[in-house]
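Look at the two complexes coming up: chain A is in both, with chain B in one and chain C in the other.
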Partner chain A sequence: MTHPIPPGTRDVLPDEMRELRALTDRLRAGFEDAGYGEVWTPSLEYEEVLKTGDDRAAGAGYRLFDEHGEVLAMRSDMTIPIARVVATRYGDSEPPFRFCYFAHAYREVQRGAGQQREFLQGGIELIGMTAPEGEAEVIALCLSALEQAGLRRHRLGVGDGQLYRHLLEAFEVPAERHLGLLEALSRRDLAGLEMRVSELGLGERERDLLVRLPQLRGGPEVLERADGPVADAVENLRVLNALLEERGVADRVIFDLGLVRELGYYTGAVFELYDPAVGFALGGGGRYDDLIGKFGRGLPACGIALDVQRVHMAQAAEERLQ
Partner chain B sequence: MTPALTIAVPRGSLFMGTLDLLDRLGVETAEVRSNERKLLFGDAGVVTMRPSDVPTYVEHGAADIGITGKDVLLEQSEREVYELLDLGFGHCRMVVAAREGDDALGESLRRLGRVRVATKYPRIAARHFADTGRQAEIVEVKGSVELAPLTGLVDGIVDLTATGKTLSENHLEVVEEITACTARLIANPVAHKLKATEIDALVERIRSG
Partner chain C sequence: MTHPIPPGTRDVLPDEMRELRALTDRLRAGFEDAGYGEVWTPSLEYEEVLKTGDDRAAGAGYRLFDEHGEVLAMRSDMTIPIARVVATRYGDSEPPFRFCYFAHAYREVQRGAGQQREFLQGGIELIGMTAPEGEAEVIALCLSALEQAGLRRHRLGVGDGQLYRHLLEAFEVPAERHLGLLEALSRRDLAGLEMRVSELGLGERERDLLVRLPQLRGGPEVLERADGPVADAVENLRVLNALLEERGVADRVIFDLGLVRELGYYTGAVFELYDPAVGFALGGGGRYDDLIGKFGRGLPACGIALDVQRVHMAQAAEERLQ
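Right after this comes the complex of A and B.
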C-alpha cells in the first residue's frame, strides 16, 4: 500500500536524516560560537501579526481558523516571527541581539522546480546593528559556516534591493511603469526589460543605464562602472567591500547590481548564496531596517536564511568531487 | 578541455538557426550537424533536446544557457530562468485560427457562451481568452492541431505559425494574432552569477553580430 503526501513535502529516512542532522549541527555550532543564540517560535502565528510585518504576510500560503475563529497562518519565514520576538520579549534590553534558528517554513508552490511547500531553513538575524557593519558580520559568518559544513566553491551575491527603484525615480519614470519594469527585472527578462525601457522615451544615457546597470555583476570592479543617480548606494557597497576584505571573505562575494529579492521588507542590501553544484540559490537575505519598528521597537537589522536541503545537495556534490 | 559553458540547443525548427549562431561564436558544430541521434556533445559543450525541454535543463543548471522559442517560455512562464536576449531568428506568430468562411468562434461564443479551442499551448490559450474577456474551453492535443477544427472537435485553434502554409492547406485562417515569437537566449540564474564573465562575453559577441 502507498499513501500520498502533499506535493512539495517529504519524508526523511534515517540515512538522509543523519546527514541533515550532522549538517545542521555544524552550522549551528558556527552560529553559536559567533554569539548567535538559537530560538524557536511557533509554526502557527496570528495572520494579523504576520501582516504587521508584511502586507502579504511574507507570502504565507496556509491559513486556518482556531477555536475562537481567529485566522492563523503557517509562517513563511523566520524573520517576521523573530521581529515579533524582539519587540515583545526584548523590549527593554540593550541591542544588538544575535539569533540563529533551524525551523520549517511553509510556502505555496507556484513556480518551477525545487520549490518546497515545507522547507527547513537555517539562518541568522543580527538586530540593532546598522549598515554596513551588520552586513559584513552576517555575510562573513554565513560564508564561514558553509565552509565548516564542507562547501568549497560557494559564493554570495550582494546587491541593493532599492537600487533600481532609485534609478527609476531619478529618471522620473512615471510610477505606473515601475511595476512592469521591476517585474521584468526580478524575472531577469532582460529582453523584455530592454523593450520596456525603449518605450519610455528617455535619452540614450538614461536608457543605457536602465538596461546595463542591472546586468553588472562580478568583483568590486563592477562598482567602479556604476555612477549617476546610484552613486550613494554604490558607495555603501564599496564600504561593505572594504569591511569584507578586512574579514578575509571578499573573494567569495559577487557584487550584483541587478539583484532583487521577492520579499517586500528589505530596505537596503540584499544577499543570495550560490554553489556551482546546485542550479538554485542556496538561500538569501538582506537588510530590513523598518520591519522591527512595525512591531514597536525601531531597530536596524539584517539576516540570512539558508535552505538546508539545498546546502545538503551542495555538500554532497562537493564530497563527490574530492 | 571542459568547455566554459554548457549550451542547451533545441532540435526542430530553431536547430539550424541555432547552429549557425554557434558557428559564428566559434563553437564547433560539425559533429552536431552530422549526428542525428547523438544528444550530448561534450567537447563543444552542446546538448541537444526538444525546444520545450530547454527551460527544464537550464532551470536545473544541467545547462548553463540555452536557446528556445518565446512560445516555449510563455507556455512555461513559471520556470526560473533568465531571458537574456532576443536572438531575432525563428520568427513566428502565436495565433488563433479557425475554419475559413464561417464564424465558428463568434457563433459559439454568442450561442453557447464559450468557445472551444484546441492547442498545444494550453496556458497561452487560456490566458489569451481570459485577457480578452471570453470564456473558453481549452482542449489540449499533442499532434496536428489543424485536425481538431476540421473534425468539429473545436471551434478554433491556438497555434504557432511561421508562414501560414499549413493553416491554409487545411483551409484554416488566422483570426487573431496573440503575440510574435522569436528565438531567445536564456540562462540559469546561478550560472549567470558564477559564470558572469563567460556569459557576458557571449552575449556581447551575439549583440555585435
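Right after this comes the complex of A and C.
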C-alpha cells in the first residue's frame, strides 16, 4: 500500500528536522542581531495582489478559487508579500526597515529537474537604503550568517540585472528579440546566446561584446576589463567592491557580468550564492527599487533569500570534511 | 490603495513574531525533552490520500488541481499526514513512536466566526500506546508544556468520543437520527438536543439520561454519578483519572461527558484545552486507534494539537496579571 505525496514535496523526519531547526535558529539569530525583525505573511494571497508586484505573480505554482471565485495563489517568494506589508502597515514609519523571514514558498518547476515545489526559504530584506550601501549590508550579513552556520567555501556572485538589457538598448536591438537573448543568458546557454547574437546583424564590435560580456566572471579585475558602453554601468559594482572590502568580505564575492536572475522585479545588482558541495545555487536576490512603489510607497530595497535545505546540504558536506 | 489578504489569514509583524517564536521554541523544547521528535510534512497532499484517513479529508478548506488533474488539498491537520508517515516510513520500526510538529493548517471556517483559516498548530502524537496510559502521557506533557510557557489557569476537558454513540445504539435510536443529535451535542446546544431527544419516543429513563449525561462536567466525582448503561463506559476515564493523579496533573483536568470533537477519526477519549483568557478552545485531540491502520499499519495512538496563536493570547493575558 503506497500513499504518495506530490512531486517536489517531502516529509522531513526528526533527525533531519533537528538539524534544519538548528540551522534556521542560527541564521535567524544572525539576522535579528543585525536588526532584521522576523515577519510572517499568509501562504495564500489574492493572485491580483501578487501580480501588483510582478505580472507573472513571481512564478506561483499553485492557484485555486476561493468561495467567491477569486483566484488565490500560494506565495512563490516572500519579497512581494513583504513589499505589500511595508506599503500597507509601515506607511507612516521612517525607513530604513529591516526584515527577515523563514517560510515555505511554492513554485512551478520543470518535471525531472530535481527541484522542490515546496521549499523553505530564509531571507532578509533591507528597505529604504539605496545602492550600493544596501547591497553591501545584505551581502555582508548573508555571508557572515552562512559562516556562522558552518559554511567555509561559499561564494556570492554579483551581477547587474539591467546591464545586458541596457546594452541591447544601446545597440538598438529590437525589443522582441530581448526575451530570447535574456532567457539564453539566464540558462547560461552561451552557444545559444552566440547563435541568437549572430542573427542580429550587428557590427563585429557589438557582436563581440554581447558574447564576451557574459563570460566576464571573477575578482574585481573583471570590472576593469568591462570597457566601451559597459564601463559606466559597472561603476556601481566598483563602488560596491570597495564597500565589501571595507567589510572584509570581498574575497568571497565573484563579479559575474552574465548573471541574470529570472524574477522580473530586479532593477540593479543581482546576487547568487554558491557552495562547491551543492549543484544548485544556495539562494539569490538583488535590488528591486520599483517593487514597493507598486504597492503605494516608493522605497528602494534589496534582499537575499536562502534555500534552507540546500544550505543544510552544504553545511553537512562541510562537517564531513572536518 | 489597499491590498487585501484572504479572510482568516494574517500578517505577523516582528514584535508578535518574536513572542510566537519564543513560545514555539519553549513548547518544542518540552516536547523534545520528553522524546517527541519533530516532523514536517507537505502543506499540500493528494486529497485521496487525506481521505484515506478521514472521508471529509478532515475539513480541508482549500483544494486545487495539479497539472495532471489530480486534486490536491492543503492539510487541515498534522494527524492524518503523520499517520501516513508512520505507515510508510516506520513500517519496520518498533513502536511506540513519539512525534511533535509545528506547522500551519488550513480549514474551512464559517464566515464571521472570527476563526482563522490559516493557523499555526503545535502538537504531539503518541503512537503505539493503548488507553489509558497513552492519554495520561500526552495530557500530562501538554499541561506541563503550557505551564512552562507561562500559563497558570489552563484546564483540560476529557470526554469519551464514543460514549454518546454507544448510548444511542444501546437505546436502539435509528442510525439516521444520530448525526443530528451528535451535531447538537458538539455545538453544546442543549435546548436543541433536548428537543431532538424528546422526538425519539423513548421511555423517561432513557430520555433523561440522554439529556442529563452531556451536562455531567467536573472533577472525578462526575464519573461516580454516571450510572446505568454509562457506568461501564466511564471505567476507562476512572483509570485515566488515577494515572493523572499519579502524574500530579489531575487538578487541571475536567471530566466532561458531553464533550464530542468534530473530527471523525476519534475512537475513545477526546480532549479540549481551555484558558479563562481566551474565548475559544486552545486546542484539542483524542485517541484514534483506527487511523494508522487505514494507511496499512494498525497501531493505537492519541495526540493533542495546540493553536499557537490562542496559547499566545493566554500567555499574554497571564503576563498582564503578574
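We take it that the second predicted complex is superposed on the first by the 317 of 322 C-alpha atoms of A that agree within 3 Å, B and C clash if a C-alpha of one lies under 4 Å from a C-alpha of the other, contacts with A are read in each partner's own complex, and residues count from 1 in each chain.
Following the convention adopted for this analysis, a residue touches a chain if its C-beta (ideal position, glycine included) is under 8 Å from a C-beta of that chain, and two chains touch if they have at least 3 such contacts.
This is a predicted model, so every value here is computed, not measured.
Asker: Just checking: does A:Arg84 make contact with chain B only, chain C only, both, or neither of them? Give me first, second, both or neither.
Answerer: A:Arg84 sits against chain C, while chain B stays out of touch.
Asker: Looking at A:Leu64, would you say it contacts chain B, chain C, both, or neither? Reply first, second, both or neither.
Answerer: second
Asker: With the two complexes superposed on chain A, say which partner A:Ile5 touches: chain B (first), chain C (second), both, or neither.
Answerer: Only chain C is touched by A:Ile5; chain B is not.
Asker: In the superposed arrangement, does A:Gly37 touch chain B (first), chain C (second), both or neither?
Answerer: After superposing on A, A:Gly37 lies in contact with chain C but is clear of chain B.
Asker: With both complexes superposed on chain A, which partner does A:Ile254 reach: first (chain B), second (chain C), both or neither?
Answerer: After superposition on chain A, A:Ile254 lies in contact with chain B alone.
Asker: Among the partners chain B and chain C, which is in contact with a greater number of residues of chain A?
Answerer: C
Asker: Which partner chains sit in contact with A:Arg188 here, chain B, chain C, both or neither? Use first/second/both/neither.
Answerer: After superposing on A, A:Arg188 lies in contact with chain B but is clear of chain C.
Asker: A:Tyr274 contacts which: chain B (first), chain C (second), both, neither?
Answerer: first
Asker: Residue numbers of chain B touching chain A in their complex, please.
Answerer: Listed in rising order, the residues are 56, 59-62, 76, 78-80, 82-86, 184, 187-194, 196-197, 200.
Asker: Please give the residue numbers of chain C that touch chain A in the complex, ascending.
Answerer: 1-6, 9-15, 17-18, 20-21, 25, 28, 32, 37-46, 49, 52, 62-64, 66, 72, 74, 81, 84-85, 87-89, 99, 104, 106, 118, 295-296
Asker: How about chain A: which of its residues touch chain B in the complex?
Answerer: For this pair, the touching residues of chain A are 110-114, 155, 157, 187-192, 215, 217-218, 254, 256, 272, 274-276, 278-281.
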